[in-house]
Structure formats: C-alpha cells, structure tokens
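Structures incoming, each one as structure tokens.
Note that subunit A is present in both complexes that follow, paired respectively with subunit B and with subunit C.
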Partner chain A sequence: MPRWLGQLAPGALVIALALWGIEQAVHHGLVKRSLLPAPSDIGLVLWDLLADGQVTGPLSETLARLAIGFAIGATLGIALGLAMGYWPRLYRLFEPLIELLRPIPKAALVPALVLFLGVDNAMKITSIALAVFFPVVINTVQGARGVDPVLINTARTLGVGPFSLLRKVILPASAPFIFAGMRLSIALGLILAVISEMIAGTGGIGFLIIDMQRAFRVRQMYAWIVILAVVGYLLNFLLLLAEQRMLFWYRTTQRT
Partner chain B sequence: MTKTSTSVLERARAALSRRSGILLIAALLLLWEASARSGLIVSENWPPVSIILLALIREILSGELIEVIGPTLYRFVLGYVIGISAGAIVGFTFARVPLVRRMFEPVIELLRPIPAPALIPPLVLFLGVDDLMKVTIIAVTAFFPVAINTMQGASGVEPTYLAVARTFRTRATRILMRIVVPSTLPYVLAGMRISLALALVVTVVSEMIAGSSGVGYYLVLMQYAVRSAEMYAAIFVLAALGALLNAGFVAVERRLIFWYAPQA
Partner chain C sequence: MAPILELNQVGKSFASAKAETVALDGIDLVLEDRGFLAVVGPSGCGKSTLLQIAAGLMPADRGTVKLLGQPVTAPPPHVVYVFQQYNKSLFPWRTVLANVEFALEGHSGISRAERRDRSRSLLQLVDLQDFAAHYPWQLSGGMQQRVAIARALAADARVLLMDEPFSALDALTRLDLQNLLLDLWAARNLSILFVTHDVDEAVYLADWVAVLTHRPARVHEIINVGLPRPRDPITTREESRFLKLRHALLAQLMKRKSSHA
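So, the complex of A and B:
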C-alpha cells in the first residue's frame, strides 16, 4: 500500500461511514427527513443546481459582494497600516480610534448600516469591508513596525524616498503579517456576506439558506450550505496559494 | 520669540502629539454631536451622541440593560466554555494519537470552512430557536480555532526536551505537566483569543436571526421601532463588552504564559 493511501484511507473511510450511517438512519426513520434529508438526496439536489446552472446566479452575487468588500477593506487596511507603521505621528493619531472600534462585533453594525444605506449592495459591501479592514490594518501595523531598522536605514542611506521605501522595503517586509491578516479577514468577510444576506437579503447564498429553511425546502438548504463550505474552502486555498507564490522567500529566510 | 516660550510651545506640541489619538476621537464625537444638533444632518437615524449616552444611562438605571445583556452573556459564556474545552481535548488527542487524527481530521477540515451563521438555519430545525440552539452554534464556532491551534502546538513540542526527559526517566504525568502543557499552552490561548471574537459575533447574530432576548434581539427590535438612540446604545454596550472580554483575556493570558514572548 503506498504511503499516501495509508494517510488518506482512514479519513476517507470515516467520512464514507458517516455518510452511509446518516443515509441508513434517514431511510429507517431514525432521523426525520424534514430535519436531515438523506445525503444522497442532498447530492441529487446539488447536482441539479450545478447541472442546470442555477448555482451561478446566487453564487456570483455573493462572491461579487465579497470581492468588492474585501478589495476595499484590505486596500484601506494595508494603506493605513503601512502609513501608521512608518509615521509614528499617524500611529498615535489613529491607534486609539482603531482600538475603540475594533471590539464592536461587525454583525451588530448591520442594523445601523441598514438605516443609512438601505438593504442593497451598498450596505452589504460596507459591512464586509468593515469586517475585513480591522484584522488587516492591525496585522499590517504590526508587520510594518517590526521591519528591521537596518533595512530602512540602508534604503534611506541610498537615497530612497519615503514612498518608494514604503512600497519597496516596508510593504514586502510586512507581507507575511498582511497575508495572515487577510486570511483571517476573508473568513470574516464571508461570514458578514452571509449574515447581511440573511438579515436583509433578496438574493445571494445567505438569503437562500434562510429562505429555504423558512419554506421547509430542507434539501435545498443543505445543498446551499455545502456550496458555501466549498466556497470558504476554495477562498482560503487561493489565499494560501497566493501567499506561497509571493512569499517564497519567507520560509527560507526564517530558518537562517 | 524668547527661549522659554519656544520650549513651552514645543512641550505643548509634544503633549498634543502624544494625545492626538484621544483628541481625534473627541473631535469626531463633537462633530457627530454638532452635525446632529445643527441640523446639518436631519435624520432619525443620526441622533446626537449625548442623546445616545442619555438612553444608555436610562437603560442602566432602569435595569433594562441587565435584562438585555444577561441572556447574551449567559449564552456566550456557556457556549464558549463548551467549545474551547472540546476544541482543546480534540486538538490534543489529534496531536498525540496519529491514527485518530488521520481518521477525523478530514471531517473537521470539511466542516471548518462553513461560515458559522450558515449553520444557524439547520440548527433551528433541530433545536428550535431557544438557548440550546444558540449555545450550540456558539460552541461550534469557538471549537475550530482552538482545535486547530492546539493540534499545531501539541505536535510542535520540541523532541529534544522529550528525549532528555526520557533519558532521566521522568514520569509521564510530569512530562505532560512540565513539557507538553507549557509548550502547547500559548497555541491553545492564541486559538481561544480568535474564538472569543468569533463567538461574540455569532452570539449576536444568533440573537438577531432567531431571538426573543439578548443584545442582538434588542438591536434589531430598536431598529424596527426606529428608536435609533437605543440601537446605538446597544452597539456601544457590545463594543464595551468586546473590549472588556478581550482585556480580561489578555490579562489572564499574561499571567498564564508570563514566560512566553512571541517572536517579533
């Protein structure tokens, strides 16, 4: 038996057994179908959603909001974080404000944002951007303040101005921290995307999950949850991949 | 300009710069107050800060605040404690027993990427809309970060220490208490801190989506009732709650792992 098979087999076996167990329990009436349909039924619904392209509408709606919100929140977070890390004055100016706003659970802002921005994209994108912003800015500041002063002084000695210093020295040196912040953020951003769609939704995966539950279309509800899980998994995977590509130098320098 | 006046000016400027953060917050609050009072922004959604603070004080005095915050805290603490305990036990078992890890890690990896709020609707079907559902979803949320971090920490114990302990025929319990637990603890605590913030979010969300009590429910209720001062007061309370929980956690963490300095 090859080594990887020995590594993977126990896990695959447990998952297969669990699915089979649930399937049997449902068929023998141990679990109500209205609570938990058989995995094969969910699979069929999932297949239908994928096959006739019903999945693309809500999926792209949720993903588009997440992408825009994430881009806004992460860009602002990185920009402010770098600036605060480089100029102590800005750090002193903004640090208390950030510490004040950070502990607010961003989901609690959704009702307030609804009042100002309505229930449409503006509100949802804003809440996603807010959720994304804080972990990114905090990690970026931490990274930018921890940059080896020798690097900065060397660059200054060579006549590098503040903006190219930020871009060419401090940004790359803080990149591992920024990525760590972004991976926390993407999970939070997805949570906020789902929540905002649940609370004030007309479309998107979050809305569908709660709508299907209220309509007692339980198989559809589970199918959408599975889709959401795949989305969450893929987003994290893509960020890890980007991190490895862009930070190929990080691991090697860490060891020395 | 005389010399003394420059130094006074400089000192004033230095003091100003040191407190610039607080001043910025004060200025923003003043701007908020002024914009609402002067009629620059006339909206029921934009009450002056002073009115919000008055609403907050009124709620504290009337005892309504305790009524609102009590259920939230109760659910949060119960769910959090269950979630992190289960996470630590599972993570530790995974690290120590490779077969168990190979068997169950894929299941965890499958369930982990599901955003916790998406699990609320199916849990409502099983457990209804009461405390049981909320405590469960909070526990599930708190579980994953602790499980993953504990697993990492417990599998990263320096093998040299274990080898040395074995050379001296140290008892297993002593190895556990003196080597394994201390080197795992910082990871467990890091996971617990991530869980803390996430669990608070999910507490509020579960009360918003399926609630009859708690801060999250109150928040949505006040929004629907267009009592925006009370709504903002509830947000202030949540911010304070989040800050207090985090500060308390950091204090405990410092005491527990006073010897641990994370690499810069």
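So, the complex of A and C:
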C-alpha cells in the first residue's frame, strides 16, 4: 500500500461509515425521507446533474461572481494592507475603521447592499468583495509590519524607491500572511456568494438550493449542497497548491 | 587624499519611557577616498547606529554627514550598507543571480541581458559563478556574505559601509573573506568604513582605526595602522607593529569595558 493511501485511509473510512450510518437510519425509518433522503438517493440525483451537464450553468455563474469578487476584494486588501504596513500614518488612519467594520458578519450587509445596488451582479460581487477584503487586508498589514528591517534597509541602501520597495520586497516578504488571509477569504467569499443568491437570486447554486427546498425537491437540494462542499474543498486545495509553489522559500528559511 | 565621507559632530539620542539615552555624542570621522577606516568599540556602544546614520538610513539628531561635500539625508547612490545578518539581508525568494541583479533593476538604462551579464561576472569575481541558480538559504554563511558583497558591487558602490560583516562566520571563512575584501577594495577603488568589535580584524584590514568609547560613544582616538600592503593573512599578523597595535587597542577596550562592567 503506498504511503499516501495509508494516510488517507482512516479518514475515508470515517466518511464511509457516516454515510452508511445515515443510509441505514433512513432505511429503517429513524429519519424521515422527506427531510433527509438516503445518501444513495442523493448520489443518484447528483449523478444525473453531472451526467446531463445541468451542473455547469449554475456552477459557472456562482464561480464567476466569486472569482470577480475575490479578485477585487483581494487586490484592494493587498494594496491597502501593504500601504498601511509601510506608512505608520496610514495605519493609524485606517486601523480603527477596519477594526470597527471587521466584526460585522458581511452577510448582514446584503439587505443594505440590495437597497443601494439592486439584486443583480453588482450587489452580489460587492458583498463577496467585502467579505474577502477584511481578512486579506488584516493579514497583509500584519505581514508587512513584520518584515525584517534589515531586508527593508538593504533595499533602501541599494537605491530602491518606496513603490519598488513595496512591490519587490514587502509584497513577497508578506506573501505567507497574504496567502493565509486569502484562504480564509475564499471560504467567506463562497458563503457570501451563496447567501446573496439566496436573498436575491434568479440563478446560481445558492438560488437553486433555496428554490429546491421551497419546491420540496429535497434530494436536489442536498445534491447542490454536496456540490458546494466539493467546490469549497477544491478552492482551498488550489490556493494551497499555489501557496506551496510560490512560497517554496518560506518553510526552509523559517527553520533558521 | 580627499575626503569622500565626512561625519561632523554627529549625535544621536534614543528616548525611552523614563529618560533620554545619548548613544552618540559629537562623532567626528573622515573616510578618505579609497581609504579603509575601521571603527572599533565595545559592543552596544552604538557602532551600528553610527553606520546607519552614515548610510542615510537613519537621521542624526545633531551634526552632519557629507558625501563628497553634499549633505546626506537619504540613502545616497554609490554608498552601500553591508549587514552582519547576511541571512536576513538576501531575498530568500530570489536566486543568487537575481539577488545580485536586484541592485541593477532600478536603472532603466540597463537591458535585461546586460543586467544578467554584469551580475554573472560579479558572481565570478566572488567565486560563486557555479551557484547562480541556487537560493541564498542553500549556501553557507560565507557564501551568502559573498553574494551580498557582489550585490553591493552591482550597485556600483564607491563607498561600502560594513557592519560587522564577518563576525558571524567561522574563523577560516572570515580570513578568506577579509582577503577577498582587501582585493576588491584595491581592484575597484572602493572606500570602506568597517565597523567591528574584533581588534585583530580592524588592524589587519584598515589604514586607520577609530576607537569609540562606551555610551555615549565618542571618538577616543584614531590610530594610523601603517602596515605595508598587500597584507598577508599569516605573516602580517606576526609583524611586531601588528602585535603592538593589537596589544594597545585590546588593552584600551578591555579597560573601558571593565570600568563599565
């Protein structure tokens, strides 16, 4: 048995056991089929969704909004975070405001955003960007403020101006923190993508989940939830992969 | 020879919650063009602070720093600071070659290919041509400091400000790098201000050795080394003048230390 299989096997066994347990509970009438269908039934619906391509439309709609919202939120977060980390004045200016706005669950802002931006993409992308922005800006500030002064002074003595310094020294040196923020953010962004579709949607996975629930098509509802789980897992996995590729230098240097 | 870097009555204080500590008090130093001036003093006397002020990395509270007669207020071109902590001073996400190239990237007049060529030839100069594609953390300490020196040369340094650059290295590597530095100094017409707590190193390398007092640091005296060049890592250290200077400087530093211990 290869090593990776040995490492994955116990976790996979627990998942299989849980599914089997639910399956049995449903078959023996412990749980109402109308509330929680058997995993095998959900699996069949899932198979249909995947097989006839029904999944692509809603999935790409949700992912496109998430991608745009994430790009906007992360870019702004990194830019402001680097600037705040480098210029103490900017830090003192914006830090209290950020700390005040940060604890608000961004989902609570969706109804307000509907007032301003309507129910279309502008509102949904904005709420995703907002959710993404805060963890990224906070982590970037932390990373940028923690850059070793020796590294910064090295760049200065080699004649580097403030903007090159931010881009070529402080940005890469803060990258480990930025990635940590982005991995938090991608999960929050997905939540906001789904919630904004539930509140004001005509399409996308969030809309379908709530639509299926209202239509009592419970198996479909669960199938879409499973798809969301896979999406969330894959997004995190992709970010981790990017992180490992870009931060190859980080773990090795941390040892010293 | 003409002065290239002049420190005139430089003072620096640090404010803490309780009181103000005077770190540097009325420091006068002159680095001559193509000169080699070492600064020795007890540890914690403010040598690094002095060097950072000379580099334009930190403002002085009193006095002036002049480079070729012009006041220094920001890090000037052609003056490069070399840190003791080479492992923190190299960019870990860049290869050795890219670290050297960093110093050339600000100049728009240099093409990519030329930047690469120049950096490669500088790596050859410090004997690291085979390690261009390595990352700094894959190299030994001595090799890392060579990269930092090559990078300083890439920035077209005329003045090197060196802050105990070899003190974290093992003894043999240190001798090696001392000679490399002397060769580069002579070959490239550098002027070097070299801070160290190692009296042996100061006498071996420099034309002049300035001795600082403990806090607040003042220039206690400036000694003319007067040993012939080129210097030899073994025989120069056996000359009677070397031993005499080493004796006098050590005695002075140890006396100062014990009176403050």
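The rule is simple: the second predicted complex is superposed on the first by the 245 of 256 C-alpha atoms of A that agree within 3 Å, B and C clash if a C-alpha of one lies under 4 Å from a C-alpha of the other, contacts with A are read in each partner's own complex, and residues count from 1 in each chain.
Keep this in mind: contacts are C-beta pairs under 8 Å (C-beta built on N, C-alpha and C of every residue); 3 or more make two chains touch, one makes a residue touch a chain.
Values in this document were obtained by computation on a predicted structure and should not be read as measured data.
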Requested in this report: Would you mind checking whether subunit B and subunit C clash or fit side by side on subunit A after the superposition?
Outcome: fit
Query raised in the report: Who does A:W249 touch here: subunit B (first), subunit C (second), both, or neither?
Result: second
Report summary line: Between subunit B and subunit C, as viewed from the CA centre of subunit A after superposition, lies an angle in degrees, nearest 10, of 90
Query raised in the report: First (subunit B), second (subunit C), both or neither: which does A:I72 touch?
Result: neither
Report task. Answer with first, second, both or neither: which of subunit B and subunit C does A:P96 touch in the superposed model? Result -> first
Query - Contacts of A:N153 with subunit B and subunit C, given as first, second, both or neither - result: second
Query raised in the report: Does subunit A have more residues touched by subunit B or by subunit C?
Result: B
Report task. Answer with first, second, both or neither: which of subunit B and subunit C does A:L239 touch in the superposed model? Result -> neither
Requested in this report: Go through the superposed model and pick first if A:L13 touches only subunit B, second if only subunit C, both, or neither.
Outcome: first
Requested in this report: Quote the smallest CA-to-CA distance from subunit B to subunit C in the superposed model, rounded to whole Å.
Outcome: 15
Query raised in the report: Taking the two structures together, which residues of subunit A meet both subunit B and subunit C?
Result: none
Query - subunit A - residues contacting subunit B, complex - result: 7-8, 10-15, 18, 34-36, 89, 92-97, 99-112, 114-116, 146, 184, 187, 190-191, 194-195, 198-199, 205-206, 209-210, 212-213, 218, 221-222, 225, 228-233, 236
Query - Residues on subunit C engaged by subunit A in the complex (per definition of touch) - result: 52, 55, 57, 75, 77, 79-81, 83, 85, 87-89, 91-93, 102-103, 105-106, 135, 137, 151-152, 155, 161
**Report entry** Residues of subunit A touching subunit C in the complex
**Finding:** 148, 150-151, 153-161, 164, 168-169, 172, 175, 249-250, 252-253, 256
Query raised in the report: Can you list the residues on subunit B that touch subunit A in the complex?
Result: 17-18, 20-22, 24-25, 28, 45, 99, 102-107, 110-111, 113-122, 124-126, 194, 197, 200-201, 203-205, 208-209, 215-216, 219-220, 222-223, 228, 231-232, 234-235, 238-243, 245-246, 264
